[in-house]
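Heads up, the next two complexes both have subunit A, just with different partners, subunit B and then subunit C.
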Partner chain A sequence: MRWDWIPTYWPDFVDGLIITLQLLSMSIIIGMFFAIPIGLVQVTGPRWLGRIAQGFCTVVRGTPLLIQLWLLYYGLGSLFPSMPWIRESWMWPYLRDAFPYALLAFSISVAGYEGEVMRGAFKSVPKGELEAARSFGMSRFTILRRIWLPRAFQNVLPTLAGEFVLTLKATPLAATITVFDVYGVGTMVRQETYRIYEPLLFIAGIYIVLTGIIVLFFRWLENRVPRAV
Partner chain B sequence: MQHTLKSALKSTVLAASLIMVSGLSMAEIRLGVDTAPYPPFSQVNASGELVGWEIEIGNALCEVMKEECVWTPIAWDGIIPALVAKKIDAIVGSMSITEERMKTISFSDKYYNTPAALVAAKSSGDMDGSPESVKGKIIGVQVSTTHQNYTEATYAEMADSIKTYQAFDEHNQDLVSGRIDAVVGDSLAMAPFLESAEGQAFEIKATLSDTAIFGAGAGAGIRKEDNELREKFNAAIKEIRDNGTYAEISKKYFNFDIYGE
Partner chain C sequence: MLDLFPNLHYLSFGEGGWGMNMLRGLVSTLQIALGAYALGLTIGLAGALGKIHGGPITKLLLEIYTTLIRAVPELVLILLLYYAGTAALNSLLEWMGQKPVDISGLVAGILVLGIVMGAYSTEVIRGAMRAIPRGQIEAAQAYGMSRITLLKRITIPAMIPFAIPGLSNLWLIVMKDTALLAVVGFTELAMTTRQAAGITRSYLMFYIAAGCLYLLLTLLSNMIFRRLEKRARRGQPELT
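== the complex of A and B ==
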């Protein structure tokens, strides 16, 4: 075992780690922002909107993330030559960079998987609690904000923790579209030093630590919310 | 019943031992080649067979060495580790002979040598291969290649950035989409792309040479301790050069001498 390459590549690993964390946190925030309404409309209706949400979840969960990522990055990229004006537009710096595609693909993925989780979560809140809230004269929005959403989240916090750990471990896919995350740096080390075990073990260790942080954070969060009796 | 079972068992044992014996006497050479297509050197055709100049040359070498060879496609970034780990016995995959790689493996004599090229859109006028001419440009290269080393050594300072790709066809796709302004790759490997419909708007801006980085050409990568195999390859390369097989195969693919000087 040789570890003398670590000091040389340390700055690259820090850069890669920042990219990984950005991709993970931003896609979770954007994804959850859409996952909540996607879950909700499937329970409350209107029916046609629920159907669309259901279809979205089915498509996202039914196709490999790698294919979604490549469809977005190389698929859209192949259309650019037929639209020369796009290179002059304000969007071009973003369309050119690989990170926005990774962020979009991961956000869609989080929205799809967690939309399904949230559907179950909203459904699992006992009807009696919502009826009680209504009889207190709460408006529909207040019920959602004060009762329904918090109770739904409370039920699925452990599930979400597991889902976000899975999202973390999917982030190396971004390296296939030139996003230089922590896995990408590990690959570079492998290619430049011809060492295999040590860089792989090293990045495996990084992912274990990150997973540990996510799990601990959610355990802390679970303990903070009062349990229903 | 007892009898048939016994004889069936007997013949199975016999067959198994035959396979073992033949396995011992004809140890095959496993030739490693990149899984990604690299036309016209190696690619998988519609019926799933490996074809190309390099495949034919490899087969010709095996023929004069009187060895059984099997092609083993391996992802490029793992091909040297696979050789070291004895998953393959030789790399016949357009691998340039370089000092850097010689630290880990050894090489046969070269079997071809083509220059690297800077490829960009025809409309991007003044690119001539000099570091100044790529100022503010984004350059794509395949990861873990001599082209990457050259690009980083020569263009890193002036270029906007260097993007590395896992496979050759991926940086060409991004060149077409306009995400990168130029690509540094093998001139010959770029030829089919430049002839394709998507490649029409692009051309070779300059050929690049730097023996220290690009090395002496492409040779068969062989484990350091396999001196016998390396000598066999060297003799075979010389033989197919002398007996005209090399020229015969090459003229099907190229209209110039790919062996180089």
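== the complex of A and C ==
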């Protein structure tokens, strides 16, 4: 085994790590932003809205992320160049880059999977607590903000930790549409140095460390949140 | 609808259509998924028994196996296991004085995904075995059942209702993970789709078609697993 390529490629790996972390954190933030209403309308909203949310979750969870990613990048991306008004707009430079497509695909994926998780979370909050809040005269939004949402999150923190680890482990797929994340850099190193295992083992180590950080962060978070009785 | 799919005939089954190829891709996806799932369950059962009854070294090794596999992205694992696996096999064959072989894509895909799934199913099955009431095992021991009989007659049947939700999830995951094999060049549904889309240049249509096929498999599997769970739970109180 030879590891002398590490110093040469160190800056590339740092860049790749930044891309991976950006992709992970931004897609979790955007995805969760949509996952909360998607979960909520399935529990309380109008029937038709709940159906749409449920259908969205089924489609996202029922197809491989790789296909979704390629659908967006190659499929949708192949439509844009034929539309002149898009080519002339300010969006064009972004639409030619692969990162926005990866971000969109991962955000949709997080919204779908975590929408399902949040549905269960909202359902698991005891009815009595919500009724108590209502009898205090809280408005529906106040109930959501003060009682329902915090209690729901409290119940699913361990699940979310596992889900975000899965999201992290899915980010290498972005390399298949030319995003240079950690995995993409690793692939480049493999092609340039003709080493088969070492770069793979190296990036495997990076992902293990990142997984560890997510797990530890959520353990810390769980300890800070008062325990559910 | 704007003329989004002007090339619908590319999906046909006849001359110049990719329908037949897509179906072949679907079949090999199913083959890999079923094989990997079966291998994963076998590893999982053995792993769960090892984690519960094994000695300290077995337990430690299994812990390392499940932790590492579950912390490394599947894509990296597939590459690592594929290259390391073929290299190990060939050096073994060389040592035995045989000629090196080229492992078929199907076998390699099944082995690699099976090893990955084994780690996940170990945890699922271990959890399900832990959920069996202690008294049932003790009663069987009191009847003088041997360990094999106990496993066959009590542990496995009693664990299945607890394990089915987790195992059905794993089946859905392994089915979708077969798409990852396209990245290392196996010809399954995702790879076929990619080729078809590239050659005909109707990307959107082919990826949507592939998505529909995967979705169909998922919905069908959900139905089957719901039936199985109902059957496995017969005579038991409803879950709340």
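Odds and ends about this structure:
Operating definition for what follows: the second predicted complex is superposed on the first by the 228 of 229 C-alpha atoms of A that agree within 3 Å, B and C clash if a C-alpha of one lies under 4 Å from a C-alpha of the other, contacts with A are read in each partner's own complex, and residues count from 1 in each chain.
In this section, contacts are C-beta pairs under 8 Å (C-beta built on N, C-alpha and C of every residue); 3 or more make two chains touch, one makes a residue touch a chain.
Note that the structure is predicted; figures quoted are calculated from it, not measured.
If you put the two complexes together on subunit A, you find that subunit B and subunit C both fit without a clash. Looking at the shared chain after the overlay, A:68 reaches subunit C, while subunit B stays out of its contact range. Look at A:212: by the touch rule set out above, it reaches subunit C but stays clear of subunit B.
In the superposed pair of complexes, A:188 makes contact with subunit B only, with no contact to subunit C.
In the superposed pair of complexes, A:170 makes contact with subunit C only, with no contact to subunit B.
Within the superposed three-chain model, A:126 lies out of touch with both subunit B and subunit C [touch as defined at top]. Once chain A of one complex is fitted onto chain A of the other, the partner contacts of A:201 are limited to subunit C, with no touch recorded for subunit B. In the superposition on chain A, contact of A:11 is made with neither subunit B nor subunit C. In the superposition on chain A, A:78 contacts both subunit B and subunit C.
With chain A as the common frame, subunit A serves as the apex of an angle whose CA-centre rays point to subunit B and subunit C; its value is 60 degrees, to a multiple of 10. Looking at the superposed arrangement, the partner reaching more residues of subunit A, out of subunit B and subunit C, is C. Of the two partner chains, subunit C is the only one touched by A:59; subunit B is not.
Closest CA pair between subunit B and subunit C after superposition: 5 Å apart.
Residue overlap on subunit A between its contacts with subunit B in one complex and with subunit C in the other: 74, 77-78, 176, 196. Put simply, subunit C touches subunit A in their complex at residues 68, 70-77, 79-80, 83-84, 172, 176-180, 182-183, 190, 193-194, 197, 201, 203-205, 207-208, 210-211, 214-215, 218-219.
Those residues of subunit A whose C-beta lies close enough to touch subunit C in the complex are 58-59, 61-68, 70-71, 74-79, 165, 168-173, 176, 183, 186, 196-197, 200-201, 203-204, 207-208, 211-212. Interface of subunit B with subunit A (complex): residues 77-78, 80-81, 84, 104, 138, 143-144, 163-166, 170, 173-174, 176-179, 198, 201.
Taken in their complex, subunit A has these residues touching subunit B: 74, 77-78, 80-81, 87, 95-96, 98, 176, 178, 187-188, 190-192, 194, 196.
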